[in-house]
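The following blocks contain the structures, represented as structure tokens.
Each of the two complexes below includes chain A, the first together with chain B, the second together with chain C.
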Partner chain A sequence: MLSINDLSFSYKSSTPLIQNLDLNVKAGGIYGLLGLNGAGKSTLLNIISGMLFPKKGTCSLHGNLTKTRSIETLRELYILPEQFDLPKITGDTYTNIHSPLYPRFDRKVMNEILKVFEVDPSKQLNSQSFGQRKKFLIAFSIATNSSLLLFDEPTNGLDIPSKSQFRRIVASLELQNRAILISTHQVRDLGSMIDHMIVLKDGKIVFNRSMDEIEMKLAFQTIDQDSPKNYLYGEETLGGIQAILPSYEEKSQEGIDLELLFNSIILKTEKMNDHFNGVSS
Partner chain B sequence: MHFSENKPIYLQITDYFYDQILTKKWGDGDNIPSVREVAVLMEVNPNTALRAFHELQNNGIVSNKRGVGYFVTADAYDKVLDLKKKEFFDIKLPSLFKYMKLLHISMEELEALYYSDSD
Partner chain C sequence: MSKEITSKTSLYRIKLLFHRNVMINKRTIQIGLISLICGVVFIKGTVLYYGGISPIAAESIITFGFVIFTLVGYAFTSIMFYEKNSANSAPLFFTLPATAFEKIISAWLLSSCAYTVVGLFLLYVLSLLIGLPADWFFSIRIFNEIWPYIIYQSIFFFGAVHFRSNNFLSTLVAMLGVLILFGLIALLLVNTFTPDGLFLKIPTTLTATSTFRIITTCTLTVAISAFFIWVSYIRLKRMELA
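Let's turn to the complex of A and B:
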């Protein structure tokens, strides 16, 4: 559905932020886009949505280049930025103005989500708190029924019950014909929602695997300090070493520690990928 | 919903099903929530919920009636009992014994505690 080929991008004269990046996103998945601060996650989402143009390479949705900003493309994607301004109008007016772009816009879904979030659409948008405005846009984004939803840190600014409600709303979505790409640092908020983990580092996608594959090929265990076990990555903690070990079993008995996995990919990029690619070290 | 990192999420969902069945909240033959309802309830990816259902189906705990939904199988209670007993003896008990050894707790000590409590 989304296809990015050999993409490079740089802001004015600086060194390229994104370099020869390739990425394919298929319908049916919820993808977590992770990366350190400044890695270019938001920039990538802005390129995908057509707000920024690639310096080199292509980014296309359903075969159409997103930089052309054709109506066919714009109505099939929705980006929820981390920061945004909303005009001095009511939520209902905003919906009346913006929803006609989206042919499958579902007002009923929008109202249901607003009700769950306790956001009143008859109120002025810019007089409400950041969290309330964000929830309004989350409701709008899901009601568009666009095939690609881009969420940039969607849980930032949401209160504790709203985060839980957000997960429930995402869990209830029919994903057959759509994909969600979520850029986040909050793996504790969203770890249970994603089925693919994508890591952006040094301008490239250095890791892109399904959680099923991760669960099958890695074992997350706490091992003794003096244990001779050969681990791929480890962090010392009070109770021993939190380690990622190679696994070759069909069925894993442990869960995935996403924070540990993320650190391992950032610090031992090659070693982790070699294991997944079956290269023995 | 809070999940432990010590177990895959889909297995924590199957554990929830087993608890419902063992505590007789869900009886044999009962209609149970759909994959999507479980995903929403647990706040997980729908594919994770589906995987839990597959695991339960493979273990003969639930069955799918096309167009109607999922049901607890006729002998689910007995099967869950066997499954959980096996898990208790294979996994939980050895680690308990290991800890008892570390703390020098004898079987007699435990027995005394158990019988005095139940009287």
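Let's turn to the complex of A and C:
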């Protein structure tokens, strides 16, 4: 579906922000794009959506280069930016004037999500809080039925119940012909929603694995400070050490701790990848 | 509603975008109309207060009306692409499923065609309301006022696409800059290649019929406007997020 080959990008007169990046996104998955602040996540989403042009390499959706911003591309992707302004119109008017541009727009789905989020579409969008506007746009983006949804920090600005609702809505989506790429630095917010984890560091993808593979190769446990266990990565906590262990040695006590895994990839990139690639240290 | 999925330029999408442009600029259009109605009431009141209107005053009011029409038109044109100027609104504008050409044409139809028709109609109504002679509306004068407006409007249209902020002022300054530059070049050429320096001798035998003049002016107006719409399209197509 989405294919990125040898992509490099830099803003004017600055060092490359993204270098020789390769990525393939297939239909049917929810991809978590994680990285520290300034890692290039938003820039990558802007390149995918055709708003920035690669300096080198290609980015194509269903075989069409995204930088051409052709109808074929634009109607198959929807980007929810982290920050956005909406026109001074009601939610209903916004939907009426934009939905005909998306050939598979589903008004029923939109209304259902708005109901869950408790957003009133008859109100002026600019008079509502940022969180309400974001929920409105989340509902609109899902209702477009575009093949690729790009969410940039979707939970920023949402209150705690709305974050859970968002996770539930995304998890319940029929994704046979669609994919969702969620960019965030708030790893905890993704919960068990994603089925693929991509980590961006210094403009490169340093980790790109399915959650099934992660579950198969890693075990997450809290171990004693003086435990003789040989762990791949650990963080000291009050109750001991939260550790990531090779799964052939241990079974997980808990589910995948995304935050711990993310930290391990950022701090021990090589070691973690070696483990996945079967290289013994 | 039928779903338009053609990838070629679509009249349906242009219509949708035109409607969108009207809706998102509704507030500006409303403010413009209310200001105009207030202006009419004010002028009508003034005319009534002074017990009538002289032909010279009538001419001045019509000219003033055209000046307002022109300035408001340029200002309105300059805000046509305000969405792309802000990092917060640009993503939703750039990724709207329509081609750059459709976005350009729909904005031009509103800022140029619709505005000109509605603006002139309102000027006509205003003339009638304040008791001015409205025959100017059906004379050659309207043509003489409109063609330079359309040319400059297309330049402001390009400015609306090209500049990232203060589009109206930026276009005005850029136009002045270009005029000064060309003026200086022309001055230099004239001083270099004509023996009498600045005193150009315009041949008195050169005359043009009214029809020829109108056809030439129309052709020139269409050509210049089309050129600026085309460069606006190229600029928008190649534009990236700021």
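Methods note: the second predicted complex is superposed on the first by the 275 of 281 C-alpha atoms of A that agree within 3 Å, B and C clash if a C-alpha of one lies under 4 Å from a C-alpha of the other, contacts with A are read in each partner's own complex, and residues count from 1 in each chain.
Quick note on the criterion: contacts are C-beta pairs under 8 Å (C-beta built on N, C-alpha and C of every residue); 3 or more make two chains touch, one makes a residue touch a chain.
As the structure is a prediction and not an experimental result, all values here were calculated from the model.
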| item | value |
| --- | --- |
| Which of chain B and chain C A:Ser227 touches, first, second, both or neither | neither |
| First, second, both or neither for A:Asn208, with chain B first and chain C second | neither |
| First, second, both or neither for A:His98, with chain B first and chain C second | second |
| Chain B versus chain C as contact partner of A:Gln83, first or second or both or neither | second |
| Of chain C and chain B, partner touching more chain A residues | C |
| Partner chain(s) touched by A:Glu72 [first = chain B, second = chain C, both, neither] | second |
| Intersection of chain A interface sets (partners chain B, chain C) | none |
| Residues of chain A touching chain B in the complex | 30, 164, 167-168, 171-173, 175, 192-195, 211-212, 215, 220, 252-257 |
| List of chain C residues in touch with chain A within their complex | 1, 3-7, 13, 16, 19-20, 23-24, 26-27, 86-92, 94-100, 237, 240-241 |
| Chain A-touching residues of chain B, taken from the complex the two chains share | 1, 3-9, 11-12, 36, 39-40, 42-49, 51 |
| Complex interface listing, chain A residues touching chain C | 46, 49-53, 69-72, 74-75, 77-79, 81, 83-89, 93, 97-98, 100-105 |
